[in-house]
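So the structure is just underneath, and the comments pick up after that.
Order of writing sets the chain letters: A, B, C, D, E and F. Residues in each chain are counted from 1.
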Amino acid sequence: MENNKRYKAGLDAMEELFSQDVRNGMEGIKNISPDLWEMIVSFGFGDLYSRNTLSYSQREIITLTTLITQGAFDQLRVHLQAALNVGLSKEEIIEIIIHCAGYVGFPKAVHAMGIAGEIFEEI
Amino acid sequence: MENNKRYKAGLDAMEELFSQDVRNGMEGIKNISPDLWEMIVSFGFGDLYSRNTLSYSQREIITLTTLITQGAFDQLRVHLQAALNVGLSKEEIIEIIIHCAGYVGFPKAVHAMGIAGEIFEEI
Amino acid sequence: MENNKRYKAGLDAMEELFSQDVRNGMEGIKNISPDLWEMIVSFGFGDLYSRNTLSYSQREIITLTTLITQGAFDQLRVHLQAALNVGLSKEEIIEIIIHCAGYVGFPKAVHAMGIAGEIFEEI
Amino acid sequence: MENNKRYKAGLDAMEELFSQDVRNGMEGIKNISPDLWEMIVSFGFGDLYSRNTLSYSQREIITLTTLITQGAFDQLRVHLQAALNVGLSKEEIIEIIIHCAGYVGFPKAVHAMGIAGEIFEEI
Amino acid sequence: MENNKRYKAGLDAMEELFSQDVRNGMEGIKNISPDLWEMIVSFGFGDLYSRNTLSYSQREIITLTTLITQGAFDQLRVHLQAALNVGLSKEEIIEIIIHCAGYVGFPKAVHAMGIAGEIFEEI
Amino acid sequence: MENNKRYKAGLDAMEELFSQDVRNGMEGIKNISPDLWEMIVSFGFGDLYSRNTLSYSQREIITLTTLITQGAFDQLRVHLQAALNVGLSKEEIIEIIIHCAGYVGFPKAVHAMGIAGEIFEEI
């Protein structure tokens, strides 16, 4: 079954990216909408993260940047953890936020840096 | 002079990133506002691109992503060229846009891919 | 008085859309700025919701979509309730959010679905 | 093959929504990135538009609203045509834009209305 | 008639802000949607610009800033002219754009400055 | 040292704008990233706020407007205080938010007005 393959690939990607705790939290969506959950796993992680050409750490550079730019600070939290899990260092994450400052302005960069500080403390 | 150093570092970064033609085009801003031009060179390129920790090609991954996310498609053109100049391949650029599709939606990803197609043709 | 008519039409629309509790909460704005309050009622609800051509439930499809797209999640809460009040089902609301996922990306869709889950619980 | 089914469903949905001319134009993306094209068809149209619960015309209300809100005016053109194709009237489309004015402000509403005027002329 | 008063106040404000040419161009909206036109005049200009507490030139500082921030560059053109008409100098307009650079990032500031340069040339 | 001058100018501007308490809060960023902190002070406040042509109160009109437009409501809090500190009245701040309503839509204007109400209470 093709769709089972996509779903399976998505679960594998999520295991690389997120801790068991984070994945449990994400499953709240499954209770509200099993269909959105299926799309997140199969498309968001199965079709996208499982592709070649870019590494997981390059993909997290993209993900952190787009979340900062659109002001999606809730999702930024889990992807800051994912970024660390796939091998980006704290210094590199801080550097991503600094680079963003010139492109999205200081308010979003400062907000993101504050959250990064919280995540770094927790680890 | 500290500020001359920052300006000089910015010009050096711009030389790595952009062709002479693109840099000539950018100088249009200098005629309208020499002060904004000075900030772009000294802060935007001198303070940001000249930093360590991330390579130029990693910085262009960030830049392309934020421009796609905020719908800044004019600036995307020159940074698609910059991305190629600092060593990202067409395949990697296409992959960045595909990854963005899941995070910013298809309309902006499709718009970006159309522009990438035009830039790739010109080269 | 034309303006009284517009204000009266706005109050009528708000009564269809929101519970007494929600309307009481909204009146906090009246204390800070009676003029903004008058505009919200007369223009936002009187001029817009009271028009023909689209039903209240079609208008709430528009409202939910724009709030999700702009990341206005506080206002999303009261309009999720309004959407239910004017006859959209939970299934339809979930479907609106799923459709948005392809257009605004997963982060905002997931955020919206989490809030929808909270509102559905409360009812 | 599950994925062929999704792709086939996507092509069917696109046939309902877009004229042959518009679909030919869209295929430009296929030449630049066959993979993004496959995702647009299978996920964007196959997984999303082919679902139940909301009609095509309700889905176009959502699509027009999100495109206006995010300022994606290029894509707005083809979806204004799609909206007419699936049965929304000019009056309803105008009404969607008017309703948006209160939620996204006049600049984007005016921009959208100008484009709607152009599309209505062409038909 | 209250509404006639609001409409009349709107036309008066528009006369202060825009040249006859610009106002003629704006009337294109009247042909597509007389109702949106009425709202723009009565609410956008009648209710908002005609208020006290802030001067026209202060209101144009706000308007230019929000248009730059949301990337509404078409509308920026007419409001750059309006800003000059109500007494802001070229230096002040350039300064507004420079201040914005730190808050919205360089891409939008550069785009805005390029348009300002074009408008300044035309005068 | 040029850079020390820029940093010093930034600290001076921040002293005009923010209370000691707010400045202490901002220094949290210094612990996470001394480099971002240096840029905020030297570029954000030193290069931008210390310029001539616009007064501090005009600069805060710009700042409040861009923060409302981009939905940066956390930063809005400190800049509402700054706006009061540099001489804008409550009436003028309320008027800025009302003017924004027509340009960014009611949801962000209402959100901003709610926060303004909280800040006005605290003083």
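Quick notes on this one:
Throughout what follows, a residue touches a chain if its C-beta (ideal position, glycine included) is under 8 Å from a C-beta of that chain, and two chains touch if they have at least 3 such contacts.
Just so we're on the same page, UniProt names per chain: A, B, C, D, E, F = Carboxymuconolactone decarboxylase family protein.
Everything numeric here is computed off the predicted structure, so don't read it as measured data.
Chains that count as touching both subunit B and subunit C, per the definition above, are A, D, E, F.
Which listed pair repeats B-C comes down to matching contact pairs by residue number; over half match for A-E among A-F, A-E or B-E. For this pair, subunit C with subunit F, the centres built from the Cα atoms lie 30 Å apart.
Averaged Cα coordinates give subunit C a centre that lies 23 Å from the centre of subunit D. Looking at subunit D, one finds that residues 35, 39, 43-44, 47, 51, 66-67, 70-71, 94, 98, 101-107 touch two or more other chains. Here subunit F touches subunit D in the complex through residues 101-107, going by the rule given at the top. Looking at the complex, you find that subunit E touches subunit C at residues 1-3, 6, 35, 39, 43, 47, 51. Residues of subunit C that touch subunit A in their complex: 71, 94, 97-98, 101, 105-111, 113-114, 116-117, 120. Touching subunit A in their complex are the following residues of subunit B: 43-44, 47-48, 51, 53-54, 58-59, 61-63, 65-70, 91-92, 94-96, 98-104. Across the complex, subunit F is touched by residues 28-29, 31-33, 35-36, 39-40, 44, 66-67, 70-72, 74-75 of subunit C.
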